[in-house]
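Lettered A, B and C in written order, each chain numbered from 1.
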Amino acid sequence: MAACSSTTSSSSSSSAGASGAGASTGDITCVDGAIQASGSSAQANAITDWVNAYQTACPGSTIDYQPVGSGAGVQAFISKQVSFAGTDSAVKDADLAKAAAVCANGGAGINIPLVGGAIAVAYNLDGVDGLVLNSETVAGIFANTITKWNDPAIVATNPNATLPDATIAQFHRSDSSGTTDNFTSYLTATAPTTWTYGSGKDWMAPGGQGSKGSDQVIASVSQTPSSIGYVELSYVLDATGAKAAAIDNGGGAVEATSENAATTIAAATVTGTGDDLTLKIDYTTKEPGAYPIVLVTYEFTCQSGLAADKNPALVQAFLGYGASDAGQANLVSTGYVPITGDLMTKVRAAIASIQTA
Amino acid sequence: MSTAVKERQAGGGAPQIGGASIHPADRNFRWLVIAAGVTVLVIMAAIAVFLVVKSIPAITTNSTSMWATEQWAPDSDPPSWGIAVLIFGTLWTAVIAMIIAMPIGVGTALFISFYASPRLSTALGFVVDLLAAVPSIIFGLWGLYFFMPQIVPLSQWLATYFGWIPIFENSQDLYTKSILIAGLVLAIMVLPTVSAISREVFLQVPKGHVESSLALGATRWEMIRMAVLPFSRGGVVSAAMLGLGRALGETIAVALILSAVFEINWQITEPGGNSIAANIALKWGEAGINGRSALIATGLVLFAITLAVNMTARWIVDRRKEFSGAN
Amino acid sequence: MSLDTVVNNASGGGPGPSGRRPAGDEGKRGPSRLSARVLPPWAAAAAGSAGLGLGLASWASGITVIGLAPAVIAALSFFTIYTIWTLSVEGRRHAVDRLATALIYAAAVAALVPLVWILVTVLLRGLSVMSWSFLTETMRNVDPRKAGGGVFHAVIGTLEQVGIAALISVPIGVLTAIYLVEYGKGRLAKSINFFVDVMTGIPSIVAGMFIFTFWILTLGFPTSGFAGALALSILMIPVVVRSSEEMLRIVPNELREGALALGVPKYTVIARIVVPTAISGLLTGVMLAVARVTGETAPLLLTTFLAQDTNWNPFSDPQASLPTFIWDQISRGTEPALNRAWGGALVLITIVLIFYAGARLLAVRYAPKSR
């Protein structure tokens, strides 16, 4: 069954120089119209970059992404207000049933992972560069069982650094967040005896201080000496005064970079059925050069049966640009993590399968 | 004749004319204003009904006690959430805010009304009123990055020299993002309200009382104590209640400043708890269906608390009704 | 005769004209005599210098009292010395008066310091990003982490949302106030009175939640500027009702009675006489309500979301507004974005100032001319 895609004009690569994000526009298929989307704020900056590039290349298109939170985004999709939702955790169970009801003629709702991210453990410690932590020490610090920098466990992974006898000021998220969800999933999977607080969008462990949003966590860490926190990688790269710690996943210390995180994401297993690409990430990976603390944001939409006024053609074109080489290269330059390898092939296939007629 | 008399004595303070010919346009106008009033009733009823209906799912599926649990996990399986920490945080920050805002707000109003020259008082009044326009997110940012670093030494001083008083004790050696700081910022936010209303009330004090007390040889403070404060007690309480209402419902500034630790903590200098409104702001975007329902339930409780506060204020003010300024 | 002169002459307090004791009063103390002793006019300065000296001594020597900073020691010493001095020279009543005066001045300063601090912060940080392009551009196609872009879309959104909210709340509010003042009697008036009180206390986020669940979820209307305006009206109506009520009550009854005695129908009395007389106060009340809601963030986050481009249509699609613009920029996490947030705050406060000024002008223009 051929997908009815209604391409109205092909890409204008001549406008490459004028694109707001500096990305090449050779992979853009322009579809006129306007779509609304909402959801995860973790991918807000990545989506904004794509939107700007797409809108610059295709002046007749408008994509309006509202970073109001994954829950609100899925709710908006269920209420038929948006064309796709961005969510940090795949839509499943009851929500999936409700969301699929939005897709006419028994169409399926599919999760398409498009934006990867690395969760950096950002620290601010005078005189210490290149801090190396492993899952046990990270869990200990955030569970408040390790309270000083010169704790033997931290010294063990940093034999060449002079760690002071200072209290660690630990910052976590005060608001619900997909970053917390993935971070605590990592801790639960890799250090279950030290981290006994389970995983979820809300911070459950005692101690430390909560800040609202990754922006406030990184600001707190940057401005508080002897502090540590977890944030999306792009926030650390933008900040002065905080650095990302390297994580020893059991196969050696791994720097927090897009490439290293991409290795882990590419190795994720698909647990969804059909074209639904819900992923199960292996946080316990010991592969050298695989940064283990990663997250993936899914775009959720109807594979078929999306209402015509939601402009499925533009959805497909926009997501297609995001999945293209140009779009994914843009992710790297802004501190996000690309989807690579076999997984990316499946992602592109899923996007191509979106019915636009 | 008797109809006219009865109508005249009836409420509203404005004279009425009863009897034979009522202009048809009068009747229409009357229905118009009644409709406006009824609209208020309808809106309130709609709010009450909707919030109750939408919070029932979360309340009935809560696997633990809504009032006692010190945890927030309404979207987990099974759902478990409790409002105790939130109510405590809401009230504790508001109390601290009012303890600071009332003396300073009333003092400022007294200064503007009785101590400052006319031009100074106009200028001051204007500046204080302008603060009501500053969005609360700016208060939050300013409070977090400019104000908090200056208050940390104060917190340390309190904990060091007054730590023997339980609420000032600090066992964590951490002084940032505390209830004290949130309370102080709330006090600054509430200050314009308290000050503006108190000023209005002081304006209503009959000049005769003020001048005769001074003529009899009272000092300025004695004049205030004997002529102004007794007269304005009701109005000042009303100002306090309005300020308290704002402090209870303040959302964004508290969400930015407080550390959102989900436990009841009386120590005001330690990183602090959470308030109902701040919790809603922090959790709404990522909440699932049951989570949203639970948040709406907390909103209802907050509404009930502010309702109680307003009713108390109205009751106190009504007891002093004979001092209304007209005529 | 100014209040100051009355006070000084009556109580003999303050730096009065005579610094000397009247002859024959050597050795006498006591406050309640017309020729009481007064502090010399240089007393305040002397006490101040003494306090300053003690503060400097504390700072230089490093000796502190329960860890108080030298500045605090200086201030406290000034208060103590001044009060005790007054106590011994002028007596208890005047000492209490001076202490109260000092505390009230301190309260005013304590109120002013943070308020001016905030205003100056917003001004300085906002000015750093202010420019013609900041006011006329939007965030469409602008990398939110870098400099550039502007608040135009947010300004349009705020103006439309607050405008619609005012269009809804002012008629309802003023008419309800008219009902309560001119017609109110019986149970209906009592319950409306009560529920206006209840409405004053609605937390702003609850108003947002209500519109979200009722207007957007249940009735199925889209996220829009209008939904935000509805949430804002819920917050505005009670303020308009209460302040209009006050203003209408202040109108002297003689005006009403005179008109009614001349046979003017009631609705004309209200519309042509009562309301115009109170117009200045009514406008001020409306302005207070507008100022209150212009800066509200929480209800808008739930109902209008966060647009990056200008949306002229308030009835469909997310629309930007200044408070949500500030929120969005802060969350992007970089210095240029934060500067834009301060710029947005400065624009917001300026708009409210313009509203205030406009209301004052209208009030002066339309107030009935007094003889």
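Here is the rule we go by: a contact is a pair of C-beta atoms (placed from the backbone, for glycine too) under 8 Å apart; a residue touches a chain by one contact, two chains touch by 3 or more.
Given the structure is predicted, the values throughout are model-derived calculations rather than measurements.
Among the inter-chain contacts, the highest number of C-beta pairs connects B-C.
Placing every chain at the mean of its C-alpha atoms, the farthest one from chain B is found to be A. Taking the mean of the C-alpha atoms as each chain's centre, chain B and chain C sit 14 Å apart.
A straight line joining the Cα centres of chain A and chain C is 43 Å long. For the pair chain A and chain B, the distance between mean C-alpha positions equals 40 Å. Residue positions of chain A with contacts to 2 or more other chains are 41, 68, 219. Touching two or more other chains at once are residues 301, 330 of chain C.
Contact with two or more other chains is made by residues 281, 284 of chain B. Across the complex, chain A meets chain B through its residues 41, 68-72, 74-75, 94-95, 167, 169, 174-178, 200-204, 206-207, 209-212, 216, 219, 223-224. Here chain C touches chain A in the complex through residues 140-145, 216-217, 220, 222-223, 301, 305-309, 317-318, 328, 330-334, going by the rule given at the top.
For chain B in complex with chain C, the touching residues are 10-15, 17, 23, 25-26, 28-30, 32-41, 43-44, 46-47, 50-51, 54, 103-108, 110-112, 114-116, 124, 127-128, 130-139, 141-142, 146-147, 157, 160-161, 188, 191-192, 195, 211, 214-224, 242, 245, 248-249, 251-252, 276-277, 280-281, 284, 295-296, 299-300, 302-303, 306-307, 309-311, 313-314, 324-327. The part of chain B that touches chain A in the complex is made up of residues 71-73, 75-76, 144-145, 172-174, 176-177, 255-256, 258-261, 263, 271, 274, 281-289, 291-292.
Taken in their complex, chain A has these residues touching chain C: 20-21, 36, 38, 41, 44-45, 48-49, 51-52, 55-56, 62, 64, 66-68, 76, 79, 81, 213-215, 218-219, 234-235, 238-239, 334.
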